[in-house]
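Both complexes shown next keep chain A, but they swap its partner, so chain B is in the first and chain C is in the second.
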Partner chain A sequence: MMTVEMVLYLLPMISVGATALLLMLSAAIRRCSIVAFSISLLGLLCAFVLTFFNEIPQARVTDLFVIDNYGIFGMRLILLATFVIVLFAFDYLKTKQEEVEEFYVLLMISCLGALCMVVSNHFMSFFLGLEILTVPLYALIAYFHQRSNGLEAAIKYIVLAGVSAAFLLFGMVLIYAQLGNMRFDILADNWAPMWNSGRLILLLGLSFMMVGVFFKLSAVPFHMWAPDVYEGAPLPITAYLATVSKGAMMVLFLRFYTQLHGDTVFAWQWLLSFIAILSMFIGNWLALLQKNIKRLLAYSSIAHVGYMLVALLSGNDLGASAVIFYLVTYFAATLLAFGALMLLESNQNESVTIEDVRGLFYVKPALSGCLVLAFLSLVGIPLTAGFMGKYWILLAGVSQTKWPLLICLVVSSAIGLYAYLRVGVSLFQDQAPRAEFPKAPCGVLKITLAALVVATLMLGIMPNSITTMIQGAAGSL
Partner chain B sequence: MMLIWLIAFPFLGGLLAWFCARFSSKAAHFISLLVLAFSIGAIFLAWQQGESSTSMEDLWMLQWRWMWLPAWGIEIHFGLDGLSFVLLLLTYVMGFIAVMVSKNQISHNIGLFHFCLLWMVSGVAGILLSLDLFLFFIFWEVVLIPLYLMVVMWGHKNRVFATVQFFIFTQASGLLLFLSILALVFVHHAQVGVYTFDYDQLINTSLPYPLAIWILLGFLLAFLVKLPAFPFHVWMPPLFAESMCAPLLVGIMVKTGAYGLLRFVLPLFSSDIHLIAPWMTVLGIVSIVYGAILAFAQNDPFKILAYSTLSHMGLILIGIFSQDKLALSGVAVLLVTQALSTGGLLMLFAHLKTSLPDLDLQKVGGLFKVVPGVTVLSLFFVMASVGLPGLGNFVGEWLVLLGIFSTNTISAAFAASGIVLGAIYSLWLVQRLFYGAYKGGMHTTISDVSAGQKALYGFMVLLLIGIGFFPAPLLDVVSTVWQEKAPDIDEEIL
Partner chain C sequence: MPLSVVPALPFLGFVMLLLLGSRLPRTWATVVGVGSIALSCVAMIIVGTQYFLSTPDFQAYREIEWTWIPFYSSKLDSATIQFAFYLDSLSMLMMGVITFVGSLIALFSVKYLDHDEGIARFFAAMNLFVAAMLVLVLADNFLVLFMGWEGVGLCSYLLIGFWYEDESTGRASIKAFITTRIGDVFLLFALFFMLRELGTLNIQEVLELANDQWAFDTTMATCVGLCLLGGAVGKSAQIPLQTWLPDAMKGPTPVSALIHAATMVTAGVYLIARTGSIFALSETAQMAVLIIGAATLLIAGLSAVVQRDLKKVLAYSTISQIGYMFLALGAGAYTAAMFHFMVHAFFKALLFLSAGAIGYSMHHNHDLYKMGALRKKLPGVFWVFLIGSSCLAALPLVTAGFFSKEFILAQVYTSPLGGMWPWLIGVAGAFITGLYSFRMVFMAFFGISKGEVSQYPDKKMYIPLFVLAALSLGAGFVQIPSVFFHVSLFTDFIGSSVLPSLSMEESIRVEWILLISASAISLCGVFLAYLLYFRLQIHDKNKQTTSSYLHRFLASGFGFDALHNFTLVRPFIFISQYLRRDFVQLFCHLVGNSAILVHQLLSAMQTGYVRLYAFAVVFGALVIALIMVFS
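Now for the complex of A and B:
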């Protein structure tokens, strides 16, 4: 039964959906990129404000969704990140010849899918959200079809995403066949009684589902698409893939794992530990070998998933809040890194390599400052967001005495350090930069970058207010 | 509040210097000197303030605390005692000298150089004053950033490799240190039920046996890398050879490793230290002998000094783990004098290197005729670092050896061998570089030390002689740290 109250709970999602419709209408009347940009921003802002009217412990909206502090926090995170990406997109699209209004439409629809995922409590909303998130991305990755790698990246993404979605669906079906329900909380109740008789099918279903999940998270060994797609997609979309698309799946997966009491299913834990260790090592190791900064960030994002899985495996409240906090810090640092990259890219040079930024510090100190801060945060140097995130993960791990995982985390981050350091060293070497960077940052992008810098530093120095929010969110899981 | 300023003042001054360098590099230079001079004044003031306000029983002369992250019981907690006072004073003085010397050696990005230098000084001040382990770790890591910038931006050919190696060594060991700190906090939480990173509280934790050793190893590794001790010294020789800031490293950074051992490892693990001490003594002996032998084989004077530092640090390591009060006081003296003597040598060699980029003992020699000033000063610093009686290093080495001898004769014998070997390679270095026949291939004119720099080096010379003849004030300040006043020290010296 749907009541008026329930509709109110869903208002943020409705607002984003309506924005997409409005964008289409306005484009039909008259194409104007500024109008499309403003409508998207307003829609996201509106949705963000609406999340503040939902401060409730827990509300089930039909079987599909559950609105609680955790879901609301996830929504806010997604909305903020999309907001930043729309700002990036505005700067990025300025120089393009193509018609750009549909870019915003697709972005809004994809964002709707992400919102759907973070509050979903049911296989159906899980799958629908995932598809709504993913399908617009196919188009977005190949949006500028003259780009050399755009089409290749999109095809790669379509095929692999399709296959992984099929696996996910099959896994869901197997679990449904055993337990007879698709709601997470009811699944959890049916789990224990059915465990003895149908263990094999349940585990099979679970592992199939994990294929879909890991693909979206780009965890090893389902990570192959990430570097190519990151390189081929337009930069704002790369940022979107690295943050929102990955974050929504992480938020959903954390809910799924906690609801099903994943820490009692040993096979599942072994699988996750294995994947986490592989992701950390292979992500950081391959990052070492990259010359292209976008590919480097792709591999680093693989490693970061590994870190988050370590926190997730540490169970309890501490682990859950560590995952969320790490996600927030990862969002801030990654967006900052991509924002800085936006200024380095030009229509002629779409893949910035480490060689290209050599000596950049002497030409553009502020921009290289942003890049350095982003990388320091991704490495986890104190006083940046990444350090607090890593601290929380280590804290969670130590509290559950997950020593092997933690040692792997430490060793692999030392490897990753070297990968990032190469960019840092290159920035400060005293030759003149090889490529010209004619682009002067527009005001919008400047302010966005400044805000991200502040966020990265604040999360590292004074995280008190967000800490309490996250603990509240994790508590409602 | 005073303590906050001891950290914040250099940092803010550095920002100001960076800003002013846009207009005039002289202004940046002047501001840095002024800031460090003020800091030196401020620390004496803080000491006086502490002395008048606290009684003898208090652990800390001066304290300051503020709740930072209440969710995890993390405080900003600073405290000053004799040990941190001495090392902090040394840091400021060495920083001051380094700024003075840098005037002729740094030609580009002068503002940023001063900022990095002062940032480093402020970070080390943070390390020396922090009494919250979380805070300590933050300073421990943050101090690497300016160092990293300095090596990358102002250095020689292979500096990138040297930097990366150094950074990875310290970062990886740093994360293990952090893991150990967290484990310690959790053990404490399990016993008391409170999350806290406070030194004064964690010190009372009784650790269960096998876990204690692992936590101890995590702490040890981080400090041994910074010290450095064999086999964790690998990063050091390339960094010395390639960077412009080797004097800073010796004068400022290396101290933090020994400080960590003295401040954290000894008190926190007092009940388990005896299990690890023999191994550390062995490591110390190996460092002494290995460092000395490798110093023979080098042709780069900077590398010789790097290995000689390794050798000296071996002695310090043995001294620390002998846990003898005399030896500990000796360690503190040795830390100060080693920074002055080896730091002085490094600065002199860096001076030579600005006009002789190819400073190699096989190509360069007989410099006495060209740079008599540098020669005389180098000879003095070499004599000091070899441990000539009457100079500061002798007091330190003698106290350490005396302390070790009372507990373990054999290790004392090995430790003393380092002094003999050190005398040989150091004198050989001076012989090859300054005396003998003047070698060809030096087309450039080499300038001798200027009058202003002479005054500066003269000050370091005076300090070394002063400590050599009147170590009592220094020992008095330091010995307050090892609880009882150890009244017999003064008698034995006289």
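Now for the complex of A and C:
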């Protein structure tokens, strides 16, 4: 039963959906990229503000959604990240010849899918949200269809995402067949009684669902698409794939795992540990000698999923809050890195390599500073956000005595350190940099980068600015 | 006004200079650089006044800024760490000296570096130093203290190597950095021990819990005490880690004045004074402090007597004076140590700045053998230098150094931990101090002129000199021995935050004897300097023959550099060169090579073919299903 109150809870999502409609209308009347840009920003801002009217312990909106502190925090995170990406996109699209209004439309629709996922409490909303998130991405990746690598990336993404979605759907079906319900919280109740009779089917269903989840998270061995697609997609969309698309799935998966009392299902834990270790090591190993910075960031995102899975496996409240906090720090650092890359990329050179940025510090100190900070944070050096994130994960792991996982985390971080610091070293190498970088940063991008720098440092120095909020969110799970 | 303003101002100055440094015009860079430290001094005065007015008995208070590490779990409740400042009379004293002397020195450096290109860089590092030093002394938590501790180490490194075009300054700064780092490792271990044994790093809690949980002379107390001492020894340039300080004189002279005389090198003294109750739990640790202090003050003093370079004399003298402070700490006379710290900060900053003024006038010449007869040429500098030297030599009654040194010696003699022998060493040190301080005066300002004065110090340079000279003369009167007439303002003030002195009351007669014999002996030292360097002028006559073995041995600071070289550096290099070719290296390469191999293997799988990727997905699904079903 839908009541007016429930509609109010869904207002942030409705606002983003309405923004997409509005964008289409305005494009139909008159095409103007500035207008489209402003409408999307306003819509996101409006949705962000609307999340603040929903401070409630928990509210179910039909069977599909649950609005609680956790979901609201997830929404805010998604909205902020999309906001930043819209700002990136504006700068990116300025130099393109194509008509760009649809870019914003697709981005808004995709964002709607992500919002749907973070508050979903049902297989249906899970799957719908996922598809609403993913389908616009196919178009966005190939948006500039003169670029052959964009098309290639999109085809790869369609095929592989299709395969994995099929697995996901099949897994859902198997579980539904056994338990007769699709709501996470009811599943959890039906879970234990059915455990003895239908164990095999349930486990198979869960494994197939995991394929879809891991694909979206680009966890090993479902990671292979990530570098190719990251490289081929337009840079703002790469940033979107690395943050929003992955973050929404992480938020949803954490809810799913907690609701189903994952810490009591040993097979599931074994699987997650296995995947976490593989992701951490293989992600960092692949990054080791990678020269292309976009691909490097793709591999880094694989490793970071592994870290987050370690926190997730650490069970209790501490683990859940560690996942959320790590997600926030990962968002900040990744967006910062992509933002800095935006300024290095040009139409001629769409894949910046480590050689390209050699000696950049002596030409563009501020930009290099951003890049260094982003990578230091991804490595987890103290006084950056990444350190606090990793510290919290370690703390959660230690409190649950997950020693093997923690050892793997530390060792693989050391491998990653080598991979990431190569970028930093290259920036300071005393050689003339490659041909000049054409783009002069526009004011919007400058402010965005400055804000991300502040966020990365603040989270590293004064994390208590958001930890209470995160602990509240984790508590409502 | 909140306490945090005091360290925040210089930090803001640092951030501004870091971000805008190269773009700011010179004047603005200096305005920001000096202004932020001076404003911090003003803030210190306001905070201090509030503190004195609101808490007449100097009660400590805590100001929590934010929760630095807010995560906690039920099992590890110690993980929460507050970024908080703690103000009691001890940190008030340190804060006052740092900001006040710091702003005078910053003012001096404006003119001193008026031809230097990197002035923004200089002030950026200087501001960061002041901020880090303030964090160090105000910290409520050992982790915050450690951050400040490392921050000042970093700034010391940056500023020693300020003129980085010269290779030797680079070497000196690296030496300072590495040597102090050895001490820092000890400090870090002290922190680990505390966290493990007491479960907290909050300084006050640690001190309380240590008193409750550790019995007298237990291994743990000794361990922690010795580790803290190790940190202090590195930072404060005490034996055997003192060798970096003479080399650190390669940096600009204002840096030597602020970092390597007045503030940073006394961080060790502060640390021991702050953690006095841990040292009180361990006789071994306390004894070690005393012995290190006594040995250092003699060895460094003797080395100071034969140095050619004016700044090196001052450097060895700093080591020796900090040795006095350690002697006092070892004898449990914390108040005396802190009193000498304060007075020493004034007169040593004065001496260094005067040396800077001489260097400024003589093309950065600091060689005593190339000075002479500067009394006529630089009369202003002469008078302030004379005041500084008298204070260093502890000329009776008129100088602050007299009161502080007598205070230490009297306390050491009467303390149950001290006694006759430490007192005798202290008195011998006083004799040497008298000798070398007036050797400087006679060699630089009297005799025949051996160097040209190319420019005269600016009026602005004299302001800090005069202020510091006045303090060197006047600061002693806050604590006057009871044999004259009893003034104990300083003891009353500092006594609220450090452990009370252990000294027994002695009869007036004994005190007089101690006082007179000690001052007579330091006067003897001054007289010997007068004979040798004014009457006989031995430094002019036998220039060639001075390089006897003993002379060279003393000049090299008792050969500690060679000793370190022989016992540590050479074996280290030998072992590393040996290991270069052996199987350990093979193993190390194996790790790296195998990582690269794995990387290449994995990269080879990233073929870009969708069919392979799709196969991986299906294969992965199969593996997952197998794991799930069979585990």
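Annotations
Definition applied: the second predicted complex is superposed on the first by the 476 of 477 C-alpha atoms of A that agree within 3 Å, B and C clash if a C-alpha of one lies under 4 Å from a C-alpha of the other, contacts with A are read in each partner's own complex, and residues count from 1 in each chain.
Everything below uses one rule, namely that contacts are C-beta pairs under 8 Å (C-beta built on N, C-alpha and C of every residue); 3 or more make two chains touch, one makes a residue touch a chain.
None of these values were measured; they are calculated from a predicted model.
In the superposed model, A:V411 lies in contact with chain B only, and not with chain C. Of the two partner chains, chain C is the only one that A:M224 touches; chain B does not reach it. By the document's definition of touching, of the two partners only chain B reaches A:L421; chain C does not. In the overlay built on the shared chain, the residue A:L203 is in contact with chain C alone; chain B does not reach it.
Residue contacts after overlaying the shared chain place A:Y257 against neither chain B nor chain C. Legend: residue contacts after superposition of the two complexes on their common chain; A:S399 is shown touching both chain B and chain C.
After overlaying the two complexes on the shared chain, residue contacts for A:F338 are found with neither chain B nor chain C. In the superposition on chain A, the chain among chain B and chain C reaching more residues of chain A is C.
Looking at the shared chain after the overlay, A:I381 reaches chain B, while chain C stays out of its contact range. By the touch criterion defined above, A:I282 lies against chain C but remains apart from chain B after alignment on the C-alpha atoms of chain A.
Comparing the two interfaces of chain A, the one with chain B and the one with chain C have residues 391, 395, 398-399, 463-464, 467-468 in common. Put simply, chain A touches chain B in their complex at residues 362, 376, 379, 381-383, 387, 391, 394-395, 398-399, 406-407, 410-411, 413-414, 417-418, 421-422, 424-425, 428-430, 463-464, 467-468, 471. Put simply, chain C touches chain A in their complex at residues 66-71, 73-76, 79, 83, 595-596, 598-600, 602-603, 605-606, 608, 610, 612-614, 616-621, 623-625, 627-629, 631. Listed in rising order, the residues of chain B touching chain A in the complex are 69-72, 108-109, 137-138, 141-142, 144-145, 148-149, 152-153, 160, 163-164, 167-168, 171-172, 175-176, 178-179, 182-183, 186. Contacts from chain A toward chain C in the complex involve residues 155-156, 159-160, 163-164, 167, 200, 203-204, 206-208, 210-211, 214-215, 221-222, 224-225, 227-228, 266-268, 270-271, 274-275, 282, 285-286, 288-290, 316, 318, 321-322, 388, 391-392, 395-396, 398-399, 415, 461-465, 467-468.
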